[in-house]
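Quick one: this structure, given as structure tokens, is what I'll be asking you about.
Chain IDs A, B, C and D follow the sequence of writing; residue 1 opens each chain.
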Amino acid sequence: MDKILKIGIVGCGAIGKDHCRRIMETVPGATVVAVSDYVAAAADETAAKYGIRSYGSDCKGMIADPEVEAVVITSIDPTHHDYVMETLKYEKWCFCEKPLSQNAKDCEEIMARELEIGKKLVQVGFMRRYDRGYAEMKRIIDSGEIGAPLLIKACHRNVSQGPGFKTENGITNVAIHELDICRWLLGDEYEDAQCVRVRQSSNSNKGYDNPQVVLLRTKKGCFIDVEVQVADGYGYDIQCEVVCENGTVKLPDPYAVVRRSRPDPAKDPGETMPIMTDWKERFIEAYDIELINWVASVNAGAITGPSAWDGYVACVAGDACNASRGTSQFMKVETIEKPELYK
Amino acid sequence: MDKILKIGIVGCGAIGKDHCRRIMETVPGATVVAVSDYVAAAADETAAKYGIRSYGSDCKGMIADPEVEAVVITSIDPTHHDYVMETLKYEKWCFCEKPLSQNAKDCEEIMARELEIGKKLVQVGFMRRYDRGYAEMKRIIDSGEIGAPLLIKACHRNVSQGPGFKTENGITNVAIHELDICRWLLGDEYEDAQCVRVRQSSNSNKGYDNPQVVLLRTKKGCFIDVEVQVADGYGYDIQCEVVCENGTVKLPDPYAVVRRSRPDPAKDPGETMPIMTDWKERFIEAYDIELINWVASVNAGAITGPSAWDGYVACVAGDACNASRGTSQFMKVETIEKPELYK
Amino acid sequence: MDKILKIGIVGCGAIGKDHCRRIMETVPGATVVAVSDYVAAAADETAAKYGIRSYGSDCKGMIADPEVEAVVITSIDPTHHDYVMETLKYEKWCFCEKPLSQNAKDCEEIMARELEIGKKLVQVGFMRRYDRGYAEMKRIIDSGEIGAPLLIKACHRNVSQGPGFKTENGITNVAIHELDICRWLLGDEYEDAQCVRVRQSSNSNKGYDNPQVVLLRTKKGCFIDVEVQVADGYGYDIQCEVVCENGTVKLPDPYAVVRRSRPDPAKDPGETMPIMTDWKERFIEAYDIELINWVASVNAGAITGPSAWDGYVACVAGDACNASRGTSQFMKVETIEKPELYK
Amino acid sequence: MDKILKIGIVGCGAIGKDHCRRIMETVPGATVVAVSDYVAAAADETAAKYGIRSYGSDCKGMIADPEVEAVVITSIDPTHHDYVMETLKYEKWCFCEKPLSQNAKDCEEIMARELEIGKKLVQVGFMRRYDRGYAEMKRIIDSGEIGAPLLIKACHRNVSQGPGFKTENGITNVAIHELDICRWLLGDEYEDAQCVRVRQSSNSNKGYDNPQVVLLRTKKGCFIDVEVQVADGYGYDIQCEVVCENGTVKLPDPYAVVRRSRPDPAKDPGETMPIMTDWKERFIEAYDIELINWVASVNAGAITGPSAWDGYVACVAGDACNASRGTSQFMKVETIEKPELYK
């Protein structure tokens, strides 16, 4: 417990503030020493709360600060690439929220820099790998107890999206979690992908497709079907079933009290288990475990979580999905050769 | 399939009409040849529907009819004993809806008559023994796979009761099903019983206790807890769990579609499985199987279902429950020695 | 109850014998008067059991028998078309087990004959429409309570197949049930279909593909994903979830006792709900309801169940699936214009 | 976040070490400054791990240390009372694992001391109140959405017990959790209690009763049935259902992956959800929340968790259960008048 990792945070929005609290209160072996944000006041407010240093909007200055050993990037998506590159300039540890970059080329640049340094320094915030449900599914699949995995059926249903949301974001910001978790569960890489045009919900008339269906095939031939409802659904509902040769495993619903009642005298009685509406609650424990693991691995000298390669593959697969839209055809998921560093 | 059992029905109310339809349409090896009812018009109506003979209100005349080989008694409860005795006068087969009689003495008289005849002719309508759920629980318990049974936790929840319902009826008309099914599941007899006074539902202000809790102990020491809600509950909900030495078995909820939705925008979303409100639907298949089995056993010459002894024990146990009310004490369930005929 | 429909059965194999028993014992308003089978002895045996007439292998003679008002066709698949046409020659009612024919052209011939007669006389044995689970899903979807249907996710998992089974049979004999039930649930017709090549189970090395994934799109754009495991699965497991605009509905698992135990001291304890292995048990109640409904509708003068059109569409959709195999492309499901008679 | 509570721990066994790690790594606003243990080496080892001070076996010296602001008591049960009293001597905050004392009189002494000081300083380790399942049940009950609570059905099943375990411990060490949680859920106090002698598991021949059934009645008349299996069960299984006037709520099973498979070719397939065997895992999150809440409340100046009164009532109720064993009678749960301080 000697080592206390000194962290600087870029971006003090909702998730940035949350990670700051998490590191300060829950994660052993780490502390936040400085924060910064495009909006200086946001950084100042967070800094004041914990009595730490604010760099205001001077994010690059904060990254350069010699006291800062590791950088957590929770700024808006389009800025991720630049802050990761800035962090790598100083060969510091970096935890970057998903997505790693806006396009494959930018991810490749990050990997090229890591290869130059000769060390994995970047971890991408695919927190679902740390959810106890997915982790147990992975354990069972890897154990071989129910044979090799063949198929995945998943769905990702949301209640709403913020302004400016576009059809493509349904893949790059929403389904991206499935793009990562499916290949992780299978221990396999994608061969091709298809985004299928389906009947649209009449609730959704905001200019983006909803729902969409994403189909993926892996190198080993596994087939993945992901339903993506970006908005207007009944709740925040994440489901995932992996069909193996001799059985299936399924992500559990969250721990929730079961009620038997007649909620309304005019309606029929039933047994009801609540469904969440707020995505932030669903994987709240996974975020804790994720950062605890990240800090422990950094303090031990080698990151073990999702790497720049994982961020890159999710990006390339997402691009293939978006490119296939409207073609009724599978599109190749073409990545560069996997560098030795990421194997 | 040669043998067609010729049946006469006493009582053409809801359950009588239902059994008539069942025998005419669903049960192989039997037909209804005559019906009768305290209200002659009810008998006439049912007879007309199937083109069979109506004895009007001459129930005894119908029982005496030489064509009638077996009598189904679905008249009002207080008349059961007399019609059973009348049927036994002619040594005919008899299927009597529960309860067999209004008191233990009357049941003993029926058994005495059967002993005199030297043959079990009476079956009591404890249809739950024919439910696939209870039957499978019995099979597992008897298999010994999960060890000897130790405890039963049951509940019987109703939506409403007709006029004239009294506290005692909560035992003799409602919990009587549990009084039968529990000893059948356990293969054991009752030692003592206690009806515990509990906090009353403020929904129930009709002059009878609701809910009640019935506790029973068997000769082997098994302990049974039955929650009895006779009215004002959220639905018709029957639950039963048997705890054995190495595991438990539980009655399943009925086959019902599961929905995930937000039924009302002002309420939270949830996964909902409907609960029945009408008791007639819950064991509808069990009634079919019950009568199919009864007819087959009669046609084979020996009844295999719940006997007069079973009807008697349920009656004695119910009396003990009612006698214990308010005493906070267990009351002995004192039966006569079990005659060889019923072993 | 006056009308008793006189039925002749072609084919006394497993399902033929079962339907015979069902009609004789469970279905009101009907009786079997004659049976026949390619293997004369099979017909003779069934006839003897019920004391009815055997036509031995003279199936056409039986169909022609003036006493026979309706024909149940449960012979081997390739003979269905000819016996249906033979039945229609006499303008008799016909219940034909699925599939209606081996190809689309033969189905079209049957419809042409019905159009000539000007009446629907043929019902196809898609019994799942009579399962209480699917029926309730249909009711909820049609009620609009959870909005328009958008997606279906289904799976059909089997334990084994008989000799001579081929990849194409995975569609025409197995997934054919989903091909029917999905368009019925949606109230929609298919636009195109694709059978996706997926990772194969190493358990299956008998010369046919296993599993397969069938994708379908409807005229309204609904998207359907059907997993088809024809053999070597853990059990007989049928699942179906319909995703609507405001919620989802799901086929329940069969009524089964839940056990909590440690089945083996060397293994971990768990809550277990059994899964069936025998397909005949899964929809056993649906078969009863199906034939009860068929007889009632025939006795009322107009069939209400799955028509020759439904048998035809399943056949055309199955052909499109099989034709698409290996192309990674959706193939049009091209039917003739739907005749007025079937609307 | 300014305040860092300085804690000393008495008892460095399994739970003591666990709380030490928890406070050092997970709980914000607190740190462990010193440890002690009856076995000096245990204290030294824990102290060395975190670089803190060891008082060896000088527990009283540690409690007296002016740096120590709060004491966590995780020593063996019979020592709890003395260490609590020692802590109160210095008017320091005290977190004491259950049970608060070995008998009612000792608990009364602790309360008398608190009353003298005029402040609640002691919190008892009833961690289940911090479990999200129980907490949500409490929230629903208190909301009145499903009416007033009437009944509780609970069970507590264990896999094994250490040497020296006695029948009475089934109440005071095992069911004590239910003795606390039930009155907390109901917001009610106990009227009387009965420990019912039931059929014994043949697995249990170690000199103590197993299972036992505990019945409790509250002042408002609520009825509680707790099954207590102290050993030889299939797993560690905690269940709790509260029946209210208009519905029921039930403790969920822990978040666990559901598997559908045939675990053994010789056995039937099934859907399986694992059950825990280790009690330490079941409420692991509740322990975290408990200590986080305790520290926050202490730092805010007033404890909000289970008080000495709660520890006392559990103790008195347990004594009544043990006294009633073998009598088949309810025994009064007689407490002193509830002091104003605890209302």
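Assorted remarks:
Criterion: a residue touches a chain if its C-beta (ideal position, glycine included) is under 8 Å from a C-beta of that chain, and two chains touch if they have at least 3 such contacts.
In this text, all values refer to a predicted model and were calculated from it rather than measured experimentally.
Ranked by how far their CA centres sit from the centre of chain A, the chains are topped by B. Looking at A-B and A-D side by side, the one with more C-beta contacts is A-D. Averaging C-alpha coordinates per chain places the centre of chain B 43 Å away from that of chain D. Note on chain placement: the centre of chain A and the centre of chain B lie 57 Å apart, centres being C-alpha means. Between the Cα centres of chain A and chain D there is a gap of 37 Å. With touch defined as above, residues shared between interfaces to two or more other chains in chain D number as follows: 234, 246-247, 260-262, 269, 273.
Partner chain C is touched in their complex by these residues of chain D: 234-235, 237, 253, 260-263, 267-275, 277.
Interface residues of chain A facing chain D in the complex, by the touch rule stated above, are 1-2, 24-26, 28-29, 49-51, 132-133, 136-137, 140, 145-146, 246-252, 254-262, 269, 273, 285. Chain B contributes residues 147-151, 153, 155, 196-203, 211, 213, 215, 217-218, 220-223, 225, 227, 232, 234, 243, 245-247, 328-330 to its touches with chain D in the complex.
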